[in-house]
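Common to both upcoming complexes is chain A, partnered first by chain B, then by chain C.
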Partner chain A sequence: MRCFKLIKYDLKQGILKNRLYLLVPLSTVIICNQCRLHLAAWDQSGTWAIYLAYCFRGLQRISRQTLSGGFQIPVFWVLMLVLPLTVTLDYPFRDIKTIGPQMLVRSGRRVTWWLSKCFWNLCSTIVYFALVLFSVAVFCFCLKVPISMETPMGSMMALFSEADITEAAGEITAGQVLFVFIIIPFSAVAALNMEEMLFSLIFRPIYGFLFSVALVTAASYVTSPFLIGNYANVTRCDAFIDNGLNSQSGLLICIGVLFVSIAAGALIFRSRDILLDYKEL
Partner chain B sequence: MKRILLCELRKMIQARTLLWAIVIGMAISLINVIENYFLTQWFYDIQEVINTPGYQTLSIYHNWINGAQMTVGETIFFTVLPLLAAIPFSWSLWNEKHSGYANQILIRGEKKTYLLAKFIAVFLSGGIAVVTAMIFNFMANAWILPLCNTTPALTGSGDGLFLSRLLFTCPKIYVLLCLMTSFFWAGTLACLGLVASLFMRSTVISVLFPFGLFLGSSFLIDGLVPSYADAEFLGRFETSPMQLLHAMTLNSNPAWYVWTVQLTLLTIVFVVYYLRGMRDEML
Partner chain C sequence: MEITLENVSKTIKRSTIIDNVNLHLYSGNVYGFKGYNGSGKTMLMRMIAGLLHPTRGDVKIDGKTLGRDIDFPPSIGLFLENPAFLANYTSVENLKLIASLQGKADREKIRNALCRVGLDPDDDRKYRKYSLGMKQRLGIACAIFEEPEVLLLDEPTNALDQEGVKLVCDVIRSERDRGAMVIMASHEHERLESLADTIYTIEHGRIVSCSDEEN
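Take a look at the complex of A and B:
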């Protein structure tokens, strides 16, 4: 019962009262508009799945040899990953500086507090994704774009124009769309969020954020199975790209990172001095 | 003024966050050094096969962090630069305001003096954190890369880019001016965090503000002005704030343009800070 109350409180304070969520539909609509222009240049109209994929379209696999001119960071993709990191950054550590110690005493166990925050973190990621999916659907509805999971080959070619797209790309099923465009990016974002919360606990929130942004930026450049940001980049997925990253193993790695972060956080939080000196940052 | 400025500078130098920002900046810039080490190994390997003349490919002037355009270290460093600049001391006004310390100073001295001293200290803190990491990067790269002149074909620099003539004629002065420009950028970004702390309820969010503003405005420019590359004016100049932090960009960034943008931004930041700071009797 105590745990349930704690979770209810976290969901209310950390999600319902978090005004940063307002940025999510705004950013998504701007990206969708960019996608509309991109598809129009290729004489394509796209579908809901195509617009969604565009939101998580990073850069193709790159190397120093393949780059000409210079490397420019994929701002849209970075923003789609940094936004959930920002939304989930401040609340747990603001809570522990204010009402947190009271909650800890009343909940009876320190681990309960941490698990409640982990649950809130996961719910925040779900809300973030729900907002993205809903915003894309509203955008498509307004432009009379079919709200379907079909991926026409022409639109896929337009979407991944720079990458080595396979012939199977135009025939992927609704289940694959769900897995590659929603579940894999969701698990990667959830793992990144949890990792950020763990680093924020070990160091301070701002350093946790800095570390996570550095990981996301590195993932935009380096194609490595250990940089989990890569799994939120649909342009590097093996479902329709030659030599892409394996999405099944990606899902396992993300879930592994998620659980390791929760377990490590619980262990650290048990012996952590929560009345930390917050004179600086 | 002198006393309060010295007091603020002492607090800034003693802040552990300044040390942390420098250490993190150095660690990130070290990635660039490691990449350059592998570049030298690759160069010596192919030299054995095709006997390339000269060492210009390895020149430090287009491989150190402010000259490279295609390394992970450089990409991460310039992406997190707004954070590195804001972490050292931009939070201090927020803390002093909420602990009541600022008001104690205000009843003993002039508010204008306090605000000005704080602005200078924050500006210097951002600049010191970022430029120390850059100097470290240049010195570390100097261990493995030759200090020879570079050529236009090997760099992304050319006509219309930041001090491109100096890069090929007086590269040492070019490096010095790059460091000064980065110092100015970092100082301005740190002051942006300071201004945000006057408006925000959370110190963490105010420190994130410069990063959010730069990423957000780059996002808006890319998203809302999709055909900017075709436009007559915008196509000629680099408009993305995240890209403008680099010395070398894909679009044109002549020195006068970069310095004008910097000066305009700093002026706006200072005016907003001063007006908001002076508005109420107490902070």
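Take a look at the complex of A and C:
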């Protein structure tokens, strides 16, 4: 019962009262507008699924060939992954500096407190994705772009022109759109957020954030199944890109990272000293 | 209730903060810890609260070891040095939020605790508008409003005016009379003398004297 009350408290303080979420629709609209300009250059109008794919488009696999044309940091993709890291960065550690200790001792168990924060973290990612999906839908509605899960080949060619796109790209089913454009990026972002909270617990929130940003940036350069940022990079998905990363394995790896972070955090927090200033440590 | 500290030591970065402390504390008493800044009073309080783990030794609450059998004392009121609350909430809203977790205190208990420390429960000012003394009073109210069995007060009279100090002293006495165990840390010797049944002096993390033994 106390666990549910603690979760209710965390959801209210960490999500409803978090104004940083306002940045999510703003950033999404900016990226959607960029997508509109990109599609217009290819004489395409796109669909809701295409605009969503653009948000997590990322960068094709880096090789000597692709590098010969110069390397461009995928700014919008990095933004889409760093934004949730920013939104969820400091709430647990801000909380422990205010009424957190009062809630902690009343919760009775350290693990309860940590699990509540993990649940909040996961919900935070869900809210982030819901805001992204909704913002893309509103943008499409305003521009009279079809709010559908269709992926016309012309639009897919425009989006992934630099990658080795397969013929399957034009025949992606609604289920695949859901899996590749939503579930896989969601699981990658959720794993990154949880891993950031774990590293913030071990070191400091700022180091946890910097480490996670470094992981995201590394994932834009290096195509590795162990850099989970890669799975949020739609341009490296095997569903319609030759030599792409396997999405199913990606999902399992992300879920693995998520649960390992939760379990490791629970173990560490059980023996962690609380309320020591970092200077004291 | 009985709190026992057995050979408790705490070392941080090779520096010994608490050095082999042994104590037996019982309900219905006020225990005072005095010592200069950095002597280890606050660390000891945090260890009894279950927020810090001893490097060596055990803290036991009614025979149950903190960190092994239980994580925190089951009924504890905590006043930490420089307490902080949610800035956009009033005093009643802050306490209601904290009370919601255990459901031990109703609205009447919250209002009563605020009145006891000299705060107006109908004051609709947000916490961020509070003066230092008011924040301190709210911290005391937060520690007592659920009528805990153990009350840990770390420098409870800091930043209080004379009237505030008198109110807090009355609160401590009435909590002891209710049967609670009050453990307070202060560097004000006279204040401790007037309130505590037993005073421990801490220097360099060691208990160097106990008023009971002196008497």
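Here is the rule we go by: the second predicted complex is superposed on the first by the 273 of 281 C-alpha atoms of A that agree within 3 Å, B and C clash if a C-alpha of one lies under 4 Å from a C-alpha of the other, contacts with A are read in each partner's own complex, and residues count from 1 in each chain.
We adopt the following convention: a contact is a pair of C-beta atoms (placed from the backbone, for glycine too) under 8 Å apart; a residue touches a chain by one contact, two chains touch by 3 or more.
Computed from a predicted model, the values in this text were never measured in an experiment.
Peer 1: In the overlaid three-chain picture, which partner chain does A:V75 touch, first (chain B) or second (chain C), both, or neither?
Peer 2: first
Peer 1: Once chain A of both complexes is superposed, is A:V213 in touch with chain B (first), chain C (second), both, or neither?
Peer 2: In the superposed model, A:V213 contacts chain B only, not chain C.
Peer 1: After the superposition on A, what does A:M103 contact: first (chain B), second (chain C), both or neither?
Peer 2: Touch status of A:M103: second partner only.
Peer 1: So, does A:A264 touch the first partner chain B, the second partner chain C, both, or neither?
Peer 2: The answer is neither, since A:A264 touches no partner chain.
Peer 1: So in the superposed three-chain picture, is A:I147 touching just chain B, just chain C, both, or none of them (first/second/both/neither)?
Peer 2: neither
Peer 1: Give one of first, second, both or neither to describe whether A:N33 is in contact with chain B, with chain C, with both, or with none.
Peer 2: first
Peer 1: On chain A, which partner touches more residues: chain B or chain C?
Peer 2: B
Peer 1: Using the superposition described at the top, list the residues of chain A that contact chain B and also contact chain C.
Peer 2: In chain A, positions 280-281 sit in both the chain B and chain C interfaces.
Peer 1: Across the complex, what residues on chain B touch chain A?
Peer 2: Against chain A, the touching part of chain B is residues 15-17, 20, 24, 28, 69-72, 75-76, 79-80, 83-84, 87, 91, 95, 156, 202-205, 207-208, 211-212, 215-216, 218-220, 222-224, 226, 240, 242-243, 248-250.
Peer 1: Going by the contact rule set out above, which residues of chain A touch chain B in the complex?
Peer 2: Spelled out, the residues of chain A in touch with chain B are 27, 30-31, 33-34, 37, 64, 67, 69-73, 75-76, 78-79, 82, 86, 89-90, 93-94, 205-207, 209-210, 213-214, 217-218, 220-222, 279-281.
Peer 1: Write out the stretch or stretches of chain C touching chain A in their complex.
Peer 2: That would be residues 12-13, 46, 49-53, 67, 70-74, 76, 78, 80, 84-88, 94, 97-98, 100-102, 142 of chain C.
Peer 1: Of all residues in chain A, which touch chain C in the complex?
Peer 2: So the residues of chain A in touch with chain C come to 2, 5-6, 9, 13, 17, 97-99, 101-111, 270-271, 273-276, 280-281.
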